[in-house]
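Letters are used for the chains, namely A, B, C and D, taken in the order the chains are written, and counting of residues starts over at 1 for each.
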Amino acid sequence: MKNSIGTSVVLTLAGESHGPGIVAILDGMAPGIHVDESFIADQLARRRPCGATETARREPDDFSILSGVNEGFTTGAPIAIFIPNTDVRSADYAALEHLVRPSHADYPARIKYKGFEDQRGGGHFSGRITAGIVAAGAIAISALKAKDIRIGTHILSCAGVEDEPFGPEPAAQIDRLDGSDFPVLGNVADAMTERILAARADGDSVGGVIQTAIDGLPAGVGEPWFGSVEGVIANAMLSIGGIKGIEFGSGFALAGMRGSQANDPWEMPGDGNPRTITNHNGGVNGGISNGMPVVFNCVVKPTPSISIPQHTIDLRTGRNTTLQINGRHDPAIVRRVCIVATSITAIAVCDLLALHFGTDYINQHDFWLDR
Amino acid sequence: MKNSIGTSVVLTLAGESHGPGIVAILDGMAPGIHVDESFIADQLARRRPCGATETARREPDDFSILSGVNEGFTTGAPIAIFIPNTDVRSADYAALEHLVRPSHADYPARIKYKGFEDQRGGGHFSGRITAGIVAAGAIAISALKAKDIRIGTHILSCAGVEDEPFGPEPAAQIDRLDGSDFPVLGNVADAMTERILAARADGDSVGGVIQTAIDGLPAGVGEPWFGSVEGVIANAMLSIGGIKGIEFGSGFALAGMRGSQANDPWEMPGDGNPRTITNHNGGVNGGISNGMPVVFNCVVKPTPSISIPQHTIDLRTGRNTTLQINGRHDPAIVRRVCIVATSITAIAVCDLLALHFGTDYINQHDFWLDR
Amino acid sequence: MKNSIGTSVVLTLAGESHGPGIVAILDGMAPGIHVDESFIADQLARRRPCGATETARREPDDFSILSGVNEGFTTGAPIAIFIPNTDVRSADYAALEHLVRPSHADYPARIKYKGFEDQRGGGHFSGRITAGIVAAGAIAISALKAKDIRIGTHILSCAGVEDEPFGPEPAAQIDRLDGSDFPVLGNVADAMTERILAARADGDSVGGVIQTAIDGLPAGVGEPWFGSVEGVIANAMLSIGGIKGIEFGSGFALAGMRGSQANDPWEMPGDGNPRTITNHNGGVNGGISNGMPVVFNCVVKPTPSISIPQHTIDLRTGRNTTLQINGRHDPAIVRRVCIVATSITAIAVCDLLALHFGTDYINQHDFWLDR
Amino acid sequence: MKNSIGTSVVLTLAGESHGPGIVAILDGMAPGIHVDESFIADQLARRRPCGATETARREPDDFSILSGVNEGFTTGAPIAIFIPNTDVRSADYAALEHLVRPSHADYPARIKYKGFEDQRGGGHFSGRITAGIVAAGAIAISALKAKDIRIGTHILSCAGVEDEPFGPEPAAQIDRLDGSDFPVLGNVADAMTERILAARADGDSVGGVIQTAIDGLPAGVGEPWFGSVEGVIANAMLSIGGIKGIEFGSGFALAGMRGSQANDPWEMPGDGNPRTITNHNGGVNGGISNGMPVVFNCVVKPTPSISIPQHTIDLRTGRNTTLQINGRHDPAIVRRVCIVATSITAIAVCDLLALHFGTDYINQHDFWLDR
């Protein structure tokens, strides 16, 4: 299983930037989940580059559901989604074929695939492939929402501008993000945009940190060691190009705390559902969900495609040289990565739930004859 | 596969803190790897609590190899290792049975396992289980070293004291760590120890950050999306209790950089092996190893067992109460986690290599008749 | 992993009989394998119904490679193939919606999928899905042939007519099957066809036994217990609808032999490659290939769709009733299953080889710059 | 995953015939399953050689549960069982070290493991390893029985003597087998024993066919293609040394039937639970259980260890030679394989159920506080 992730609910991805399109197969979803194609389209639109801060490349993101959905409901069979590529201009890239782009996959791909890799537009390494994650994730997000499990991601920081973090009860904040084109909780969109534009003006790029919250995940999901909630989610998030780190709860700040500060004391509120007073552990203890919101941050590195000249090598000649990349590039992918993070997290959560509660948990829909 | 990790090289763990002992099965290793039992014993000793800063509980860590090794060499069959428990004093824990220890697995385990979980000494959640990782990892570490692949972990920070990070060519630093009881690169052991002792004097605990380097990993290992080097290693590391975050290369600091700072330019040195001038990406591009050292940091939360009274609930009465933990506890596990991190990383690296190069890659030993 | 099979080389299938089409993703194949689209088309044509004995339904089997192939070579990225459905006439089936067809999946599917399953034309259970296996398998067959590993399947018996079995050195027989429309080794095609037509004239159907040989598989592949060559191939073959049993070598006839008859004595011929004098074990000892041809038989049940009236139940009324199936149906699928069996076997063999020898074994193609 | 089988419920095996013992780890079982150690001991005793027909080697089969069970109940953590070896006489085997025993794993093991394999007593290939399957399976059998799912295996034929097959409602027959030392349904034990003794008198061995029935498996378990009930069980059964074929329901006899004979018509009896009038499909349609008993036969080849001289090669000299095996050997393993077949089937069924219904399905035990 190289291009698949999951155990009971499994996502398989295929496709290249300049090939016919992207294929995602989402397998193991319960039957009877309502599939809203307009929600999938909305999610794909949110992944698209848009506005002043991003590349002008148009990605209309048509898509077709090729299997696994009938009369608007999942059938229980694997769901295949195809997202055709359009507006592909390979000529932009041809000249660079043997120049290794710094911090791209060019060099390791050449060693691994011996030059047979599709190099046009990043090939299978292109961020374009995340459209498959987003389309499949939309179905998972809907299914979870019907079970009152909500997932949302915002830009926690970008180019030095900080957003406010999720609060202790993030459900309303997550709902608010749903309608947003620039996913932030506070009033920081303009400041972030300004910094991104400044980087672009310099032919440069910026990175950031994104924060994801899962609200409503029942306690008891995940495994003590391998298969822990943290391991499963970290594996999913660090499969996404550009994400170089993840931290749960207070994360790296825990290194500077004492146990008496970092521990989350339990209390029994009036409703009889135990809860922790703080959530430094990000909703996971011993690898298992504890019923509190699962919160984690991921760092997104600056887009490696910059137009400033860079030192590199020519693989054909074996000589040092200088690379100048032209073409259309995002000065920041941090906004677009948010929807990808929410999507892959939703799929991972469906897998964790199905493994523990069974395939039908995420949709205990009544028998068809009753619908 | 809940308590197993890996695809071609697989580690399976079993055991509880106060049961008969810990079992680790390491499967998929090549035949013909020399197994040095004294090295396994040394590694287990390094995982033991020792000295002034840690719990006084004695763990002699005898072990038996139950299968998969014959006449000092791996046979290619699964390697089972048993590490018996000794010096178990369950009485220390009995009184707490229904009080939820903050930031331990008590509450989620109760929900998941319905009270059937073994609660004595943390049961299957105990750090004791990591002895299985260390014993199995010792075989992986040896096998890799014979292929000039070195892995080492040091305490990058603890209780506010910072060690120096790995340099661009960490092989010698890794070798130096091998002989060390307190794995740091700089002259910071005393300062760290002092802070740990101060926490213990207060009945409190501290956390830290550990840094791991893999030197000599060939370029071309790992997959573009799922199965990326970062995803595989993150999954392994975040399976270890107490680790709450991971970052590769410059990690979260990348969020504050521009692309022109974060990108690692390539150069062709005299030896004809392409290398990057910097290593902000931690040896991985597009999910695949690029031939540079793979470097990552993990945050270790403060030990949750503290003797300061804590607010919590009693699961039998459903009431709020106060918990005071006595008994023997580490004020810091950060030193002991280093050897666990190196061990699980070595197993993950063996898996990545076996998947790409085949089972025999890590030991192209000649045929038996020639040995 | 529900609709995926394999560990290092993985096939994932999706699609329904009356949906847009079939999707197959073949992942883990080495880069640099030449992909001959006309060979894929030929293989798909051989899976099509044809001639007097089979359904008149037209299946032109156009296909598109959506990813993983560039300039005629595999890239190492996952290969997605789409085979659109055409000539779909759902009306034939609508009337039967609540009548359980005997020996079809109707009843268990209704329980499992709660009525949300796509029932048109068998939905995801349709033999139509095997087109995905055949298209993906064509790439595996080509890759293996370039390594002198040949796989072929013929009809060993059908409706009481027996073909001659594979001989001790089946390579030439396999090559002969490649060009055949009705895959038999002896002069039995007419007799089999006659019996099939007789069954059709009665509104009935027939089954048979198919025999597969793998020639050239190197010794040493497979695992002693789980992951044995027999277990891996049996899992693959019994995943195909209509196949109800498998036997390796002399199979069920071994039950009537003594050890002295069943054992395969070894000899050292002049070429220095040990071989067995007989091959009752079908090329596998202790789960591992022994260098002899791997030979196995699979039983194919009679097509369950017959036009003779059958006793059954109506799921809507819960009453007993009689079912009469009209429409286009094969009186025998045994011919068409041969190519499916060869295809899935080729994929399983690629997986076994990749796991042991590494990803690149099946194509040690030189670096791209040299092609 | 080489020496592991399963997805949600996973069995991992380790051990060699003449090493310290056998280790089995059964992971993914629900918490709260009562573990009866005397039942495990009984099952292990039934796997032992005994009586006139089998080897005189004593195997007392002590065992220890090393983890995953507390106060007589499963905890939900992985269950490790150790079965120490005793009465090991390696000298019997030493002389044969370089002579390839026909139809044993000697030659392929030598190629795969390069001579590092443990050759004493068959090493990891020894039937001794099945003790681990039986011990772990005993827990699965108990858990299923508490859910009214019964599994039993009898000798359907041995050395030409035929037992009567399972009837349409096998529950009572399965219960009857539970108490039997020689698992047959009819009065054929003496005739079979006589034939086995006759083979032994000739220094030869015999094979047979075993038949397994699963009664009470709910409809709707298993997957349409990969992960089918047949594929999962076939994989499990063909992982056992000596089993060379499997057939479900009427199996290979289906090849000679017409559809009108082979199809299983449905009827609605008074109790409102649909059932088929015949069961030629062995309880599985389209890969999914249909609520009828799952019935399958497996062929067991004659024990390859015979004392009649055999033609073979000497791997050290590369020359042809003659092999005469002395020592203690079973003239028939068909009796002992029955309990192994039941055990591995029970584990596979637990996995199928857990994947569909969730981890807790096989034991919906009340919360601990209520026990």
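Quick note on the criterion: a contact is a pair of C-beta atoms (placed from the backbone, for glycine too) under 8 Å apart; a residue touches a chain by one contact, two chains touch by 3 or more.
These numbers come from a predicted model, not from an experiment.
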Count how many hops through touching chains it takes, at the least, to reach subunit D starting from subunit A. 1
Could you quickly compare B-C and A-C and let me know which has more C-beta contacts? A-C
Look at all chain centres (mean of CA atoms) and spot the one farthest from the centre of subunit D. A
Using CA atom averages as chain centres, what separation in Å is found between subunit C and subunit D? 27
Inter-centroid spacing, subunit C versus subunit B (mean Cα positions, whole Å): 44
Based only on mean CA positions, could you tell me how far subunit A sits from subunit C in angstrom? 37
Please output the residue numbers of subunit D that touch at least 2 other chains, ranges allowed. 1-4, 7-8, 13, 77, 112, 124, 224, 356
Please output the residues of subunit A touching subunit C within their complex, sorted ascending. 1-4, 6-8, 10, 12-16, 19-23, 25, 27-28, 31-32, 64, 66-68, 70, 73-80, 82, 112-118, 123-124, 316, 365-369, 371
Touching residues on subunit A, where the partner in the complex is subunit D: 7-8, 77, 224, 354-361
Hey, which residues of subunit A end up touching subunit B in the complex? 1-5, 7, 11, 13, 100, 102-109, 111-112, 124-125, 129, 157-160, 199, 202, 204-209, 218-228, 230-232, 234-241, 243-252, 254-268, 272, 274, 276-277, 280-282, 284-291, 299-306, 308, 310-313, 318-320, 356
